[in-house]
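Before anything else, here is the set of structures, which you'll find just below.
Look for subunit A in each of the two complexes below; its partner is subunit B in the first and subunit C in the second.
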Partner chain A sequence: MSKTKEKPKNNLRAWLYLTPAIVILLVFTVWPIINTIRIAFLCRWDSNLAAVVGYDYQTAMNPNIHYQFGFNNFVNVLSAGNSFLTALGNTMLLTVLTVPISTMLALLIAVALNSIKPLKKVFQTIFFLPYVTNAIAIGMVFAAMFSMVRRTPTTDPTSVGIINNLFGLFGGSPVNWMDRGSSYWANIAVLVIYIVWNALPFKILVLLGGLQSVNKQYYDAAKVDGASRWRIFWRITVPMLSPMIAYVVITGFIGGFKEYTSVVGIFGDDMGPYGKPGRLDTMVGFIYNSIPHNQGKASAAALILFVIIFAVTMINLYVSKKKVHY
Partner chain B sequence: MKVVLEHLTKIFPSRDKDQGSEVVAVNDFDLEIPDGKLIGLLGPSGCGKSTTLFMISGLQAPTSGKIYFGEDDVTSLAPENRGIGLVFQNYALYPHMTVQQNILFPLQNLKGEQRLSKEEMLQRANEVAKLVQIDKLMNRKPSELSGGQQQRVAIARALVKMPRVLLLDEPLSNLDARLRLQTREEIRRIQRDTQITTIFVTHDQEEAMSISDFIVVMKLGVIMQTGKPQWVYDDPANLFVAKFLGTPPINVFTGKIENEMLYIGEEAVLEVKGIEDQEVYIGVRPEGFILEAEGKLTCAVTGVDVMGRDVSVVSTNPASLNPVVRSIISSDEMGNIGTEVKFSLKEHKVFIFNKETEERVYFGKQVAAHEEMVERMKAEGHTIREHNGPLPREADDKVQESRPVEEKKGFFAKLKGLFSKGKKKAPAEETPAETAEAPVEETPVEEAQAPAETAEAPKETASTSDAEAPSEQAAEAPGNTESEAKE
Partner chain C sequence: MKRSETSARKICIVVMGLFGALAAVMLLTAICIFCLAPAAKWAGFCLIAGAVVAVAFLLFFAYNLGKFAGENEDAITAAARRQKIKKVLIYIGIYTFLTVIAITVLFPFYFMLISSVKTVDEYQLATPTLWPREFRWSTYAAAFTGDLHLGRLFLNTVIVGVVSTLLSLVVTVLSAYAFARLEFRGKNVLFALLLATMMIPGELFTVTNYITVSAFHWLHTFAVLIVPFLVSVFYIYLLRQNFMQIPNELYLAAKVDGTSDLKYLWKVMIPLSAPTLISITILKMMGSWNSYMWPQLVANDTLHRLVTVGIRQADFSISGQPGMTDFPAQMAAIVLVTIPLLLVFIFFRKYIMRGVSRSGIKG
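Let's turn to the complex of A and B:
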């Protein structure tokens, strides 16, 4: 009994062990966060430009220049007009489309995987591959698969993509997925397919883990109770997995709002098909593009993104509290 | 609904392809279960009782054999079409549904003509909830219920479809001692009220004996004996059954039959006319001893446990296979007990088993008594199954000639032994310490069991609430003795 009441004596040593991790976290995580918030609120009057400008590293070196606290960076972001709204709209659209699709697909695949025995490991490995593959590399493969024309503007379009070849096999006409003159929705379709495919492994892994921890007796009981497969899925499996589903959805939303690499991987850092740069820009893309010339604007945009993600996560948690059975 | 099991066999394939043979979980199980009775499948773990239950439920398919409910062959029917209710060992209540939703779930799954309106469903759920007395808990979640309440919900869920057969898998094993007594009465009452043929599985012989109309004792997938609990207790067909039933357990001795005399060790204790000379095991129920100066069996007394009405004399005998010989004597008959006691044996409490086959050897009046019992059971419509011939055995399943203290040693103990061999005196010191430990560990456990049994006797007539008090004492007893021992 006395042992548990004893105060830990080696407090100092414990702190010593923790120090490396704490230092690294302070320098590379905590300080950048604080600095981002600080920078987001710094701005100054530039007499040459005759405008209020945000913080940037080069001018910040000059000791004569002083920044003031203000909301001008946020005004800057919001008044950036179309480019910001495009980024926000694209991000929202991709998130809203990919999270439900990938979650449902992952659930179906996990249930299917859980109910087979032979080749289970093989399938698990196949589904897990995207997780360990470089996003840019996958993006380039997708670009090749979905392409229709060579990317030189002078030659005639020649169909090369495997997807369009498949379309051709079934008698369909090739679709311009992502090349010059492609439609916005075709671009989005490619992105959705890519993001869903890329998001599946993690979700399958989590849901499969959840499924394996569900007591088999519930299924036996449901069988005796005469429930059909469909009812067992909806009335037993889904509620039992609800904590995992909630987790997957919440992390899915957070990941969705940070979408960037998929666009860069497929469309390059123009963030759009040839001739339409910036059409597929996302929030993170907007932030990255602002960094070189205006860190203040980038920080303000980052804070706005943070607030959006925070709000959406809160809504998610609120909904899941009502729906999730723990 | 009568349930007939015909040559039911379940073989599980071996998991390793190279080594290990297939496992015969249930071997040629052949039994007719009469309508409206409560049947207990009883046996140690791994004897195939649960497998049998799951085959009746349809969750597992038999390797061979047939299952009939009444005249219908249900062998290949899916569980939901058999008309069974199944209560799982840990209840398997759906944790995300309320009690009411749990009970309604089987009704909501009904299709076609059987489909009920919402009002009918609710009415049925309420009726069955009243029957098991959980109608006030309908809006709770299973996690908000006690073990006993969960158990009732599970029974309600099983009953709501009005099954032809109710199956219970270890229904009491997750309950504490006090609740167990109460719940088994409850199960008995519900079964009597509904008159549904009920089959339940347990490894607890006391539980099975107390509520079953009929018990089936199993070992390694084979039926050892069937019959009314008291009959099986009074007339075991083989050594396994004799040892499995009864608390305190039966006392087993090695002995022999020579010139129509029964010897325990070297002492001639009973005359057995017309029985061939053979090596035997002798089982004597604790209540089968009579303290008499001219008794034939001599034992060295190690202790006397006073339990009020009865006295339990704990003694040792060189021929005993149990660590101690436990005899229950009425306290009136007990005189002064010295260091040695002499017992006479009650003939009908003495069972002789052939040493080779462990099969019962009936002698004297037992022959006629056994035949009469079989006739009476047949007259009541029971099928009689008694396992004769060699018993199924596992590789390590031998009658323990002595306490295998040495064998039970783990790897580290063996290592320690190796080291201590180097030191001179160590082994000599170790052995007495171990043997001295054994009885010390034994006594509090058996002490606790004995009052539990005596507490049961009045309970059969008394109502459940009355029965709580003594059982509570019984449950507390081991705790008390332990703490006292520590102090």
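Let's turn to the complex of A and C:
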């Protein structure tokens, strides 16, 4: 009753409070959604026009200049030999490798953490550390750890690098991880290690939170029945945790498809080892590198990224609807 | 009966002695190898093998404790002890696993710290030193005085961080208040629309935003780093949830007392949701400290460059040798960038983890 009385009184004030947020969202969120889709389907929006951006903007807004609707940008982006396909391949590979590894490892760590009492807080704090660090800066540290050290560019390395030293302790011979002439798979291995290292904290936090809210009675009942630890893990822990696991996997996939900063952190803006720039380019990297000189291409690539992320999320949701125990 | 028991005891003692000797020899060799020549191949295997044999030895000892002491214990106590041993063994496994992971997590930080104070010559040694022989602090001073201009980078980042956090807090509080407390037409539709924008990847916005800020002539200004990210739908959502938990009776009581909406917001709502506001502040500050993609695209000049862009794009090559990275100098700059983050983490761990775990609920 009082609500209906209040409604007209609050209308104006509410909109006043919301004005700053709405204005900014309209300019930097709503308009971009519309405009990026529009640019992606405009044929002649290419590098020549974008050379002078101010001019470009005015021509783009000018209703007298006629842009043709078409799939030119998509054809450009997806045509064979284009760096976008390399980027797409790299991104998919990194995602497919890192999401299962980091999820599994995080699950193991969370279960281990949940089963101890002394030192639990200490371990928890340590495991969360990578989350608060600067992905680019620590990527540079990983690069230093995997790099060989030379006195001049052409001489043999004086030091094979700390990671190779550690491998040496187990009888391994030095690997050229990321220097000049390193193999693609060595590069990918470095990236996978770094991305997993970086992705663990968030996953551990979510999974541990889930574990702590599992009703202890299930475990007591299993104990009475004499179930083995292995059986308890697969029959109680995993099903009870499945919503959290699904969440971690979905955000992992989304994050994986947006991978960019870890590659820049390790390999720099060149996105590849010395002499092979762009070898490890990712989709987001491709979009960012295209923005200054070809916004049509960048828009098309961004739309493709959106569609992929949307599709993968939907598939994940569909699968988890069948498997997740709520 | 008695005879077989004593012979079992003898066998036990012999096997245990052998185990113990083997473990001791392997551990000693491993330690020797480690101290004398850490880079020697197989030293790691020796160490791990020594540890495994030592654990096996302890286990064997514990398992056969009864036989060893020559006691006649009944089957039930023996089984209970074995159960206990199994439990201890599982705990040893768990703690070993967690320790190995913890070392893996911490090692890059340790490596960064020790490398930052080494001289270039020491860094180039074939067998790395695990503790610097001599400390070269001048690298740190050079980070501020040299081409890197770390002081300027810090200043830029702090300006952007503080201004964008303050403005963002104002916008977020006002919007969250409107969504949580005020009644207006289209409220639910608008809120649903806002939440829907969270599903779209930010890269889709970036393309047009680049065109927009260029048209505004905002390239290479602070505005371009602050304004586009002022509104975070997620923070509005977070704060709205918090505001809604505050009982409506407080609001009505304040109204009866003739308090204005803004005063109520300032005096009651904001203090009551301080933890969430602190979480937002910290995450926002850390965001500008760590942002790379957008700043390197739109504000990559000396006057406005942010710290992450600065250290990634700086040239750390040893003077006179282009292409050869001065790793200690690079590590020193990274330490300086990382320390503020670690300090914030130490003092505000609770708020950070709260904010992050909350974001875990948003799905």
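Definition applied: the second predicted complex is superposed on the first by the 286 of 326 C-alpha atoms of A that agree within 3 Å, B and C clash if a C-alpha of one lies under 4 Å from a C-alpha of the other, contacts with A are read in each partner's own complex, and residues count from 1 in each chain.
What we mean here is this: a contact is a pair of C-beta atoms (placed from the backbone, for glycine too) under 8 Å apart; a residue touches a chain by one contact, two chains touch by 3 or more.
The structure presented is a predicted model; accordingly, all values stated were derived computationally and were not measured.
After overlaying the two complexes on the shared chain, residue contacts for A:Ala302 are found with subunit C alone; subunit B is out of touch.
When the two complexes are overlaid, the chain among subunit B and subunit C that reaches more residues of subunit A is C. Within the superposed three-chain model, A:Leu88 lies out of touch with both subunit B and subunit C [touch as defined at top].
Once chain A of one complex is fitted onto chain A of the other, the partner contacts of A:Asp220 are limited to subunit B, with no touch recorded for subunit C.
When the two complexes are overlaid on their common chain A, residue A:Thr261 makes contact with subunit C while staying clear of subunit B. Of the two partner chains, subunit B is the only one touched by A:Met240; subunit C is not. By the touch criterion stated above, A:Leu166 is placed in contact with subunit C alone, subunit B being left untouched. Contacts from subunit B toward subunit A in the complex involve residues 57-59, 78-81, 84-86, 88, 90, 92, 94-96, 105-106, 109-110, 157, 161. Of all the residues in subunit A, the ones that touch subunit B in their complex are 215, 217-218, 220-228, 231, 235-236, 239-240, 242, 325. On the subunit C side of its complex with subunit A, the touching residues are 38-45, 47, 90-91, 94-95, 97-98, 101-102, 104-106, 108-109, 111-112, 115, 123-128, 170-172, 174-175, 177-178, 182-185, 187, 190, 194, 197, 199-201, 203-212, 214-215, 217, 227-228, 230-231, 233, 236, 261, 286, 289-290, 292-293, 296-297, 308, 311-313, 321, 323-325, 327, 330-331, 334, 337-338, 341-342, 344-345, 349, 352-353, 356-357, 360, 363. Those residues of subunit A that touch subunit C in the shared complex are 3, 6-7, 10-11, 13-15, 17-18, 20-21, 24-25, 27-33, 35-36, 39, 53-54, 56-58, 60, 108-109, 112-113, 115-116, 119, 123, 125-138, 140-142, 144-145, 147, 149-153, 158-160, 162, 165-166, 168-171, 197, 200, 202, 205-206, 209, 229, 244, 247, 250-251, 254, 258, 260-261, 264-265, 268-269, 274, 284, 287-288, 291-292, 295, 298-299, 302-303, 305-306, 309-310.
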